[in-house]
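I have a structure here, written as structure tokens, and I will follow up with some questions on it.
Every chain is named by a letter (A, B, C and D) in the order it is written, and numbering of its residues begins at 1.
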Amino acid sequence: MIFTAILIPVLAGLILLLGPEWKNRKQLCGFTDAALLLSFLAVCVALGTTKENEAVTLFNLTTGLPIFFKIDGVSRFFAVLTGILWVPAGIYAFGYMEHEWKEKRYYGFYLLSYAVLTGLDFSGNLITFYLFYESMSLLTLPLVLHNGSKEAIMAGLKYLFFSLAGAYMVLFGLFLLNRFGNTLTFTAGGVLDAALLEGREGLLLAGAFLMILGFGVKAGMFPLHAWLPAAHPVAPAPASGVLSGMIAKCGVLGVIRTVFYLFGADFLRGTWVQQVWLVLSLTTVLLGSMMAYREKGLKKRLAYSTVSQVSYILFGLATLQWEGFTGAFLHTAAHALMKCGLFLVAGAIIFKTGKTKVEELSGIGRQMPVTMICYTLLSLSLIGIPPFGGFVSKWFLGRGGVNSGLPVFDILGPAVLLVSALLTAGYLLPISIRGFLGGEESVVRPEKKEPSFLMLAPIVLFTVLVTVLGICPDKVIGYITEIAKVLIKEGMTG
Amino acid sequence: MGANFFVNYEEVVAMILFGIGFANLLLQNNLIKKIIGMNIMDAAIYLFLAEKGYIAGRAAPIITDGVQKMEAYINPIPSGLVLTGIVVSVSVTALMLSITIRLYARYHTLNLDEISALIKKEEA
Amino acid sequence: MEIIRNFPAAAILLCLFAGIVSSGLKPKAAKWLNHALIVVEMALNLCTLYYTAVTGEAFVYVMGKFPAPWGNEIRAGVLEALLALFVCGVMLLSLLGGEKELEEKVEENKLFLYYVLADHLLCSLLALIYTNDLFTAYVFVEINTISACGLIMIRQTGRTIEAAVRYMIMSLLGSGLLLMGLCMLYDLTGHLLMSNIQESVARLHASGMYGVPLTVTIGLMTVGLAIKSALFPFHTWVPDAYGYSTASSAAILSSLVSKGYIFLLIKIIYRVIGFEVFHDTKIVNVLFLFGLAGMIFGSLSAIKENNIRRMIAFSSVAQIGYIYMGIGMGTQAGMVAAIFHIFSHAAAKALLFVACMGITGASGGSVKFQDLTGAAYRNKLAGAAFTAGSLSMVGLPLFSGFISKLLFAQAAVQNQGKMLPALVVLAVSTILNAVYFMKTVIRIYTPEQSPYEGITWKNQKLLTVSCVLLTVLNLHLGCLSQSWENLIMKGLGMFA
Amino acid sequence: MSGILMLGAILLPILGSIPIFLFKWQNRKAMRIYVELLVCAASLLVGYLLLRGPSAPFTVVTFTGNLTVEFKIDGLSTVFAGMIAVLWPFATLYSFEYMRNEPRERSFFLFYTMTYGVTLGIAMSGNLLTMYFFYELLTLVTVPLVMQTLTREAILASRKYLYYSLGGAAFAFIGLVFIIVYGSSIDFVYGGVLDLVKVGSRTNILLLIYVFAFCGFGVKAALCPFNSWLPQAGVAPTPVTALLHAVAVVKSGAFAIMRLTYYSYGTEFLKGTWAQDVVMTLTIITIVYGCSRAVKETHLKRRLAYSTISNLSYILFGVSLMTPAGLMGGLTHMLFHAFIKICSFFCVGAVMHETGRNYVHEIDGFGRKMPKVFACFTVSALALMGVPGMAGFISKWYLAGAAISTGEPLACAGVAALLISALLTAIYMLTIVVRAYFPPREFDYAAIEQVRDAKPLMWLPLLFFVIVILLFGVASRPITGFLGEVAAGRY
């Protein structure tokens, strides 16, 4: 079933890419929509029918290198999240892509990307994960450079090469693990073989660090974050939405798999790797916020915000503590929804008014009231104000930091998070304020420019989901705690 | 050393002459002087040989009054070698001179460097 | 079979008489006499070779019935006979190859002189090879010089005469030193026959007397012969002498005459001084160093040269360097390599000079590189032969050059102290060789519209024969070197 | 019997090529059919020989003493000869189309076919001397191919190629002599033939000579700093660049080094010495250097040539690990890189042949106009980068695995170099792909209206290579298993 779930979007995507031009745009959208929904359905069925940790082997690359899938808690979480993001963003694209060129190509790659993401979520071992991870970089490239401007192509290449650089760092770790681990299959608690490891801890730690750094590239972690503010803004808005919302999280998924399923949290706890990782993530949190604060372009500001926010997640993971871990997962979900929603809003503004700069947006709230209300709510969530999803996740992240028992970081971490939250408010809210209150003298009777239903519905959906996540997070927290129990033995007192 | 030096003064002279001849042959630019140098060099060798062949107090190995002991005569072979050498030297000298004449007839100079320069000019 | 013992002496005398007779003959007759003579010589030497190889020991022929230590002797072993045979063969092929050029370029009334000189040259070479008497060797060295000088200036242009003068001057310096050396040696030992000198030298060396004079003597003779065989840095006369004379002269001079002197030196080392004594004087090290220097600088000069003939001449300087490096190795293996290289280089260099004539002939007689472009298409045979010669020089497998290189390297490996410099210089020199020879080959194989007419093999039958046979000789030395090596080893064994 | 057959397989292309030159061939088609038949016949013969398995040594000539010309088939020869035998017929098909409008076709096919025989000779050599002999011969028969166009550039390139190759051989020669003197024989024996009694205390000098010989053979394998001939030799027609300068000639260098290291000197002797460090450092430098130059280069063929430089050093890096696993990694990469690089070269060649465009910036939008060619190019690019599922990944996997198993810091640095190089590979290959498929928005397709896709003779070989690349990528176990056996000396 997993295989089918991947195959459906692949086939649909290939039909679109290799097939002739579609005369009727409606049919094209309908086909894509059907394929997306069908794929999501297949994923859900696969989740329902496949047993936990049952391996579905595809083939062997070479001796000892099987490509296989299996489903565990983390896969479920990410698979569902991917679907929730991918389908609405696809629907949004039907509205948005009307003014773009080469729609067929976009949908084709969009579907293919969905397929590789599904594959990524279900990967049962590191080599399968690596295979889909690299395919993801390659297949999302056309989404980034879609509009074909010089800038977009350059940004696309930058994205590609940074991603590949990250992937190759991962590969180094992969080589090491192949030598010093029992297996490459994701196993809760790690695969390292103590006997083989004897005396080579330093090398292994370096490998682990490289892998974290490598996956961190996708997650926009300092110092390899430069591609993100370049690539996310130039892509079409729905693509930016899923890039920030989901692709960046794939880096996070990679880090989770590396740390908790290959090396094991115990191996890294208290080592220099953890320290450096914490420092890097906190630096990124602060740096991203500050850059976002200074940035004038709306989408670019959101991109920098992504840099900052994804590192919240990394910080949570880096604490290697169950509360931080829970916070990280929550923030993964919440940020995915929020940031995707925000990008869709930005897309809607561009689509309707063509305005891309922050200072041009005075009075926009009166032209697009529903859109901007959603924007405001999503912003509040991102800042971390109750009762939205962002608050819950940051609460856990903060607690994770405080209770981590790490010297310095137990104070510094939460402090940085707070400062960054302040900055977040600083760069998001003025837009709302000026949107609703400013610009009176210029427009006397603002004409309504609300986007079409197709575009508005996903935005509203994300807003609602974030709110729901904020109001009743217990189910999700419980689910995550189950996962954390297995992975993190220490500090599970609460 | 010093004593030997004066005892063997003929050899010393021969060597000095050889050096003079050698240097002339090598370093002189004038063809005729070169040939003269060569002759000096050869003559030095003949001197050396002749000196070696002569043993004071002995006679030439020409038998006039019956066979005497070998100790009575000098060694005749060096003299033979000198004669042969002279023949060789003469022929070589003749050859060199004839070439020199040819060159002089063509280029009106005996200086080898000048001749070379003239030849280069001629070809260009 | 006993009659064969007379053959070496007969061979020398026959040449002498043929030369004298030729001086009264018409050019054509002189030519035929010369060729016939060489064929007869080959037969004589072949018999000698066969005889010595079968009996397994060298024999001595006493001239004029005076017994040693007073008389004059000829001594023939395997190596001498082999070299004599080889010299005759290469000489014949060189003369055949260059015959057309001779007839075109040499004045009609002087052509017969060429063959007279060639006869005398052969005579002196054979004498140098066979003689057992140092002073005889000196005399024939001079005869050799004079005939070679004549061969150089047979075409009377300014260049050739100048080259002849320079050649003469250097030769005279060399023979002067040689003569001085052997006079002193005579003074020290009281003998002129090689075998007797060796005994005395061995005694002197054992007693430790006259150490310095002995070294000086050896030095004088070595330097003298080194000058005559154009060891770097005494090579200044080479490019002119080989570069401007006729092709067959150049071929004979570079592949035979200089080798005659080297062979004499080897004989002096083995039969006059004694290998151990020579080795103890450290002169080997000097030879080794100059050999290495020659290998590099000869090639470097060749690379800079814009005249194909002079380039080949400089290449000879480099190759002579190889031989001296082998001698300078101071081991039996090095000596074998050096002697093999005498053969291999003679075969290749003669081929190169003859083929070069074919190439320049198809380029309006020009020796400048820019005129040679595409010459191999205008004269296919000469082009192919030149390529074969070049490959042999560069040391490609199948060709003789490869085997010499192999022997040199093997000898070097067995010599601890000299291994690294020898190997590195060998490799570098191979690269340099490749640079200038392959540059030429590529140039002659680069097609170009040319004003010069092509030459087919029908217009140059003799050249064809010569090229083909010399190429075969090269390949033979390259592919079936085992028997040659065995003969050389055997011959060296007879020296002692 | 198999001895005669081996000799026959080597001589068939060499001697069979002579009629190409002797006859005037009024009918071009007849000549092509003759060439193809000749090549196929030789390939079939080789295939038959290889399937029969290892053979006893067969001595042809004895030079002097124990120096003989000898052929035999063992594991390593099987890999190399098999690779050559598969690639040659396809490349020949491609070159028919490519050489259609080029002058001097006859001389091209003459040397092209001859090279086949000579390369087979290298593959089947039974001892170091024979290999050296064919190695030198290879230089000679390939020089005319580089010179083919006879432009000034081509002549300069061929000269440089010649000097470098012969120079390299001169140093390799020293290694040969040392094996003659210090080895128990000159035959290829897995594990080496050095006679340690003879060596005695001269270890260091032998190691130095090994480094010399490594660099000497490394000239053909374009080891830095002896690599500058390879990009320059790209002036040759594409079939030559692709088959010879990406596969036959350069891999002969790598093959020779394998022989030298594993079959003559022996890894026992070399492992853990300074010589190993030196050669490994050289290969690591080359890996990174080649890639960085490729990124800077804008001429398509030269870019690929630099890529070749880097990839060849992957092989050499594997070899320099001095373990069976390392040799296996090297062999795997030798085999897979051959297919990948010949595929990418042929794609580029097709572009140059059809449109005459040579530079990266000239191929905007070609992806649509030449879909087959660029689909193949994309596959080869991904394979070269080492995307899993393609052949390139497998070989890198084994190389890196072998390097890490040694546990040496330098080997780990080598792995890092592999990865850096993979990134650079992505940069120089994917920029081409991106340009071809995603031209800038304002790009005018009318400008490349007349561009046509390659003809069947050109893209059929491409298709074959792509299938092989994918096949090796997903189902490599039989072949890697075999290579593992070979590398362990068990075949």
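Throughout what follows, a residue touches a chain if its C-beta (ideal position, glycine included) is under 8 Å from a C-beta of that chain, and two chains touch if they have at least 3 such contacts.
Since the structure is predicted, the reported quantities are computational estimates derived from the model, not experimental observations.
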Specify the chain with the shortest distance from its C-alpha centroid to the centroid of every protein C-alpha atom present. D
Per the C-alpha centroid definition, the whole-Å distance linking chain A and chain C comes out as 84
Taking the mean of the C-alpha atoms as each chain's centre, how many Å separate chain A from chain B? 103
Measuring centre to centre with CA averages, how many angstrom lie between chain C and chain D? 44
Give the pairs of chains that touch; include all such pairs. A-D, B-C, C-D
Spell out the residues on chain C that touch chain B in their complex, using ranges where they run on. 135, 138-139, 142, 145-146, 149, 153, 156, 158-159, 161-162, 164-166, 168-169, 172-173, 176-177, 179-180, 183-184, 186-187, 192
Per the contact definition, I'd like the list of chain C residues that touch chain D in the complex. 391, 394-398, 403, 405-406, 409-410, 412-414, 419-420, 423, 426-428, 430-431, 434-435, 438-439, 442, 445-447, 479, 481-482, 485
With touch defined as at the start, can you tell me which chain D residues reach chain C in the complex? 61-65, 67, 129, 132-133, 136-137, 140, 143-144, 147, 150, 155, 158-159, 162-163, 166-167, 169-171, 173-174, 177-178, 180-182, 205, 208-209, 212, 216
Report the residues of chain A in contact with chain D in the complex, numbered from low to high. 59-63, 65, 67, 101, 127, 130-131, 134-135, 138, 141-142, 145, 147-150, 153, 156-157, 160-161, 164-165, 168-169, 171-172, 175-176, 178-179, 200, 203
Flag every residue of chain B that touches chain C in the complex, lowest number first. 18, 21-22, 25-26, 31, 34, 38, 41-42, 45, 48-49, 52, 77-78, 81, 84-85, 88, 91-92, 95-96, 99-100, 102-103, 106-107, 112, 115-116, 118-119, 122-123
